[in-house]
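Quick heads-up: structures coming right below.
Two complexes follow with chain A in common, the first pairing it with chain B and the second with chain C.
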Partner chain A sequence: MAELNQEPMTKAQLEYLRRQRTREMRQQLVSFGLMIFLTFIAFGLTAMEVIPAQFTIPLVLGFAFIQVILQFYYFMHMKDNGHQFAKLFMMTGFYFAIAFCVTFVYIVWIGAPVN
Partner chain B sequence: MANMEYNVPTERWPAHPETATQEGQNKFVGFWIFLAGETALFASLFATYLALKDSVPSDDHLLAADLFHLPLAFVMTMLLLTSSLTSVYAVYHMRNNNFQKMQLWLGITVLLGAAFLALEIYEFVEYTGLGHTFRSSAFGSAFYFLIGTHGFHVIVGLIWATLLILRNAKRGLSVYTAAKVNTFALYWHFIDVVWVFIFTIVYLLGVL
Partner chain C sequence: MAQTSARKQGVGSVIWEYLTTVDHKKIAILYLIAGGFFFVLGGIEAMLIRIQLAVPNNDFLSAGLFNEVITMHGTTMIFLAAMPLLFAFMNATVPLQIGARDLAFPFLNSLGVWLFIFGGIFLNLSWFMGGAPDAGWTSYASLSIASPGHGIDFYALGLQISGAGTLITGINFATTIITMRAPGMTYMRMPLMTWTTLVASVLIVFAFPPLTIGIFLLMFDRMFGSNFFIVEAGGNTIIWEHLFWIFGHPEVYILILPAFGIFSEIFATFARKRLFGYSAMVFATVLIGFFGFMVWAHHMFTVGLGPTANAIFAVATMAIAVPTGIKIFNWIATIWGGSIEFTTPMLYALAFIPSFTMGGVTGIMQAAAPADYQYHDSYFIVAHFHYVIVGGVVFALLAGLHYYWPIMFNTMLNETLGKITFWFFFVGFHMTFLIQHFLGLWGMPRRVFTYLDGQGYNAANMISTIGAFLMAIAVIVLVVNIIITLAKNERVGMDPWGDGRTLEWSIPLPVPYYNFAQIPLVRGLDAYWVEKKEGNGKMMPSESLTDFHMPNNSILPVVMSLGLFIAAFGAMYFPDGQEWAIDAVSGLEPKPWALPVLIIGLGITFVSMGIRSWKDDLGYYVTKEEVERDLEELERGGK
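Right, the complex of A and B next:
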């Protein structure tokens, strides 16, 4: 059922794989740094209220989307080959996610009494 | 899996051990479908929260801006974000066929996740003490259902990782166990993805 049928690799192939993985690790560390940085900025903007709320809200939401894309592409390896199904399913999931939020907020808004 | 080969020499360890078998590939595709379903689940909870935010029956109930403490949410975010990185390290060592380090990083992931969970329980206890409970208002129900479902996923992830560490401790690494560790890592990253939206939409936009 699940046997291992990997041909033995040469030293050069192993070295190549190791280097590739180290490079990937570096990319993942950079994206982790970016995520921490974006989190700091998002909390800082909200806590210090340096700019008006109507600017902070889209900015903070944008930072969240960038963080999630980094998480999907680098931490969950979506940038690698063979993730077409994963992309299709996650995009469908996000399509429904956004649709749910818009419809729920909208239905409460039109149901609210007019002042 | 009696005929499964454990502790494979590195020359014969595949470049992508988690999808080296048919079973591993099926697990991989199936789990992404599951994650898409989870997206829809959390989306409906987020939508409910956004629609019912600050819907309280009378003025003596606390609202989002009165309740949330940014420092606590910040510490929780840092814990979960770091635990996401440590599970990346676990997968990195799994691909490099380094079983001991993989176990070590999985253990660190569990510790960070447990710290996150402890803070979440502390937060819930504090809010219930202030009169903000699951039954006190529509806002309370939506809040606890959303954050509680995420917390439940964290508990499941912690049990999952602990069982993986214990079960694999004696038998070591094979293409069979590698797929399991990779699946857990995907799940853990997804929990972090959901938390990114929770801290943004619930906590940051809640206090604005």
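Right, the complex of A and C next:
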């Protein structure tokens, strides 16, 4: 009695699932390639110093942001249906974390040694 | 497997059943017993404090022992009494209210309760093993790093273990409420108890990690030679205060929101009216939860954050009064014009409104940062937080105990004794804490073990102590009531209060271990009431009678928690007598067995986690035939 009740899939269901998974795989590979590419550019810009530092820093931060989005939406499935709560939680978590960091930098003097 | 044969059980098998159970109803009872035990312990500590302060220049407790007693009173009451008791009611009611057969992760539910129990035992062992923690329940870092001996280590390790349990339980409840509601139970049809549990669980998920981090840093400073809070070595003690209050402020909302939920249910039931302004109540609950994270620095106005930071946090704090006010007015409007029945839970609920509001008003006074410089560290603060926590949370716990007792134990607590308890507690509470506002304004500092004669504090302190004794009498009457009720064991039937509105009252008592023979269909807010008024008074099933899946019992949660409990001893004695250790413990005798104990303890935990991960435990099916048999038996019993 200890095994789960499972019904076999119909042929149509199986076909549909296969198509879904192929598409999913393609998206994963594309976003993976994109992320590797962005990382390369970021490393390259920093290593070769082709443009001045005040441009490199925001550019690298921008790439990082894009990668975070790709990571969350494609690798961690936030683009899929039924992830509204996960999204809400992540956004709230981000908001709190950023608020805490800002206050720590400004009123706990953690920033002071850096200056 | 299924407990059909278990009619008469021996003591051993009952204990084994409770050690291994994953059933939310039994875990609720575990939380209630353990939380109740710690509540009495914290109450005894409170009595010791009040006896010491009854007369000036008293030497009933020494100064050092007084510090230990106030620290353990605060820590025990918040972490080991109030929260677990709320978890008891959440466990007992929430799955029934949303029409679920158990929580989303029954195994984790059991792990949560055992982590809490072992953490609580570890913390309280400090009394017998060289002294309890003595740096206050906030354990501010410079003081707690300097505290000699192992008291603070008991605090850090005990709270770390029980805090992990709380975090696990928070995740569990949030997942359960989001994913396991019965068909028709939309978000805006969830009873307020479920809503407040959801918001409190989300707060736990966000608020406990900062505490975990803060305690980890403290543990590493005290036991493994790091310097996060040690100023001489470049550390910063203010970081502890921030981390603690980033957790600590949401914590008070984690406590009060489920209390609001319990009261909302009681008001609607005993005023026999739908809760007034349901959607405003939900909105206010969520808003309080959100604001709760944005105000932590109001505990630290006098630290020297600067006028800008103080002003921002002062305004944010005052904003919380708005949603709380919405709730207070909604409760008043709920009972307004209702056909009120003055049962014991309802008495607590009615007394809660003025008591809690008084605590809220003094909160707004303290939110004004410049005025707070005057109130800070005085008895005014003590009076304020006891007004909100006792007048809000403890009233809710006592009300909930009477209200939900039939669901948990199938009997009713005695109403007369319940009312005697209420009046003693209500009068004693106001007598103890109202006068403390004035003591604070007259200048009496908190956390000081005595005061001199001739400062005008004598009469007020004596009144306060007499009030505390009235509360103690109330608790004793309550215990007598519980013992009498359990001894008599007069079973009650379904919907014992007669006016149940929500799903949990639509179930036969005792609640079957699978809760619902068929998951019900919810047709509106206050689902059971809708069926009473518009249907035939029975819940409509949303599924046909079929086999359904239930989880197996497991002893692993106890073993995992025991492993951490053993490891905690190893960690605690690890720095003794080491030259790199802090001054507080470097003079003690070295304990070479500490490291092996740490490794063995963690080993036990990791091995049992491995067993859980690699050994399949698929649960079992409750068969249609068994459920049908139960239903038939119920039918016969009902006739």
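Quick notes
FYI, the second predicted complex is superposed on the first by the 91 of 115 C-alpha atoms of A that agree within 3 Å, B and C clash if a C-alpha of one lies under 4 Å from a C-alpha of the other, contacts with A are read in each partner's own complex, and residues count from 1 in each chain.
Everything below uses one rule, namely that contacts are C-beta pairs under 8 Å (C-beta built on N, C-alpha and C of every residue); 3 or more make two chains touch, one makes a residue touch a chain.
Note that this is a predicted model, so its numbers are computed, not measured.
Once the two complexes are overlaid on the shared chain, A:93 sits against chain B and chain C alike.
Counted by residues of chain A touched, the larger count belongs to B, out of chain B and chain C. Looking at the shared chain after the overlay, A:85 reaches both chain B and chain C. When the two structures are aligned on the shared chain, A:103 is found in touch with chain B and with chain C. When the two complexes are superposed on chain A, the residues of chain A that touch both chain B and chain C are 1-4, 85, 89, 92-93, 96, 100, 103-104, 107-108.
The residues of chain C lying in touch with chain A in their complex are 1, 178, 202, 205-206, 210, 236, 238-239, 242, 246, 290, 293-294, 297, 305-306, 309, 547, 549, 618-621.
On the chain A side of its complex with chain B, the touching residues are 1-4, 6-9, 14, 17-18, 21, 24-25, 28-29, 32, 35-36, 39, 42-43, 46-47, 49, 53, 56-57, 60-61, 63-64, 67-68, 71-72, 75-76, 82, 85-86, 89-90, 92-94, 96-98, 100-101, 103-105, 107-108. Contact residues on chain A toward chain C in their complex (touch as defined above): 1-5, 85, 89, 92-93, 96, 99-100, 103-104, 106-110. Note for the complex: chain B touches chain A at residues 1, 3-5, 8, 10-15, 19-24, 29, 32-33, 35-40, 42-44, 46-48, 50-52, 70, 73-74, 77-78, 81, 84-85, 88, 92, 95-96, 174-176, 185-186, 189-190, 192-193, 196-197, 199-201, 204-205, 207-208.
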